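Chain lettering (A, B, C, D and E) follows the sequence in which the chains are written, and residue indices restart at 1 in each chain.
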Amino acid sequence: MILGRIAGSVVSTIHHPIVEGRKLLIAERLDAEGHSTGGYVIAYDAIGAGHGEAVLIIDEGNGARQVLENPTAPVRAVVVGIVDGLDIASD
Amino acid sequence: MILGRIAGSVVSTIHHPIVEGRKLLIAERLDAEGHSTGGYVIAYDAIGAGHGEAVLIIDEGNGARQVLENPTAPVRAVVVGIVDGLDIASD
Amino acid sequence: MILGRIAGSVVSTIHHPIVEGRKLLIAERLDAEGHSTGGYVIAYDAIGAGHGEAVLIIDEGNGARQVLENPTAPVRAVVVGIVDGLDIASD
Amino acid sequence: MILGRIAGSVVSTIHHPIVEGRKLLIAERLDAEGHSTGGYVIAYDAIGAGHGEAVLIIDEGNGARQVLENPTAPVRAVVVGIVDGLDIASD
Amino acid sequence: MILGRIAGSVVSTIHHPIVEGRKLLIAERLDAEGHSTGGYVIAYDAIGAGHGEAVLIIDEGNGARQVLENPTAPVRAVVVGIVDGLDIASD
């Protein structure tokens, strides 16, 4: 899984029953301290994540399809959780 | 999924029923603002994408094969949608 | 598999029976000499790894799901072993 | 799929029925204009590709195994087509 | 598949029938000329590879599990062959 922050959404039309009407989010990739890395991920939303929220994204097709409960969805990444905090102990 | 822009096509012959006659596109990879990253993806076309169009590409084999409705196609990436817009809110 | 060192944990809520209550760790990626590379991995814990410990992480969805004995878990990476040592011979 | 150019072959012995006797090629990775990127791929040959030829390589295990018509082959990448040309339109 | 050179081994305990007692190797990643790239791979040994030997590594979970003849092993990479030589023709 990877850490991301919701930056926006993609306006597009994909004809597949499981993804029609589902929001397609653009998430910045975050490093382990929660800072942007410059990269991004396009992911379907499974939880109702809002703009600016830090999230957990499953970035593996089979796992992502399980979350959507559809073994044939054309999907690689899905937002599966809101990050409430990162607990990084200093050494 | 990743964002791309159609830059051209590959002229090649691959002997497999599902891909013969299907257009094999070269897409520039785009960043979250829609600018070229310098990378590229070779993807089959599932929607009739034209040169210069911004598109969504499923870049995972099992999902790509589902789009082509063929579980044995030698395929990793398929263009699945035209991007009508990117909605990036400024902070 | 990759080498990591436990740096912290993610506080989040993911609604899936197999992962609720399971600790989600942040591990620094290590190079072959055990030094941090700057990258990180988010992984479920299967062994009770503690902060600062060097660990082995299976970073492939199907293998990770097997470790959790659940073929549908939304999981990509799982901590599967503590590293007791790296045996690198000098040439 | 990725673009490559055949640079040589690997002399090795791998004991698996599907790969014994099959040529294992070294292909330089090419960018979308057909220039070398510095990277490489090790791929089985499915088409009789010759040295210096530009080729298409399926670089995903399940798709590669389908090309070899063997669901258990220890294979990740297979050369599946000769590239006759790249059609890149200038903007 | 990728090219590697055996640099050492990992001393660890992973509780899974297929991997207990099996040697877990650290291999430097090599480029197409056989020089170290600075990266590494952690791979199970399927052939009895020795320190300093150049090897072929299957770095894809499903293929790796087939080599170990166990569809549920928590494995991503396995050393499958000794490299006897690289045949790179100069242009």
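The working rule: contacts are C-beta pairs under 8 Å (C-beta built on N, C-alpha and C of every residue); 3 or more make two chains touch, one makes a residue touch a chain.
What you see is a predicted model; the values in this text were computed from it and never measured.
If subunit C is disregarded, contacts among the remaining chains keep them together as one piece. Touching subunit B and subunit E together: D. The angle needed to superpose subunit B on subunit C by their Cα atoms is 145 degrees, rounded to the nearest 5.
Computed centre separation for the pair subunit A/subunit E is 32 angstrom, with centres defined by C-alpha atoms.
For the pair subunit C and subunit E, the distance between C-alpha centroids works out to 20 Å. Counting partner chains per residue, subunit E has residues 61-62 touching two or more of them. Shown here, the protein chains touch around one cycle, each chain meeting exactly two partners. Here the chains link up into one ring; start at subunit B, go to subunit D, and the full order comes out as B, D, E, C, A.
Listed in rising order, the residues of subunit B touching subunit D in the complex are 7-14, 16, 24, 26, 28, 40, 42-43, 51-52, 61-62, 65, 72-77. Taken in their complex, subunit B has these residues touching subunit A: 1-3, 31-32, 56, 58-64, 66-67, 78, 80-89, 91.
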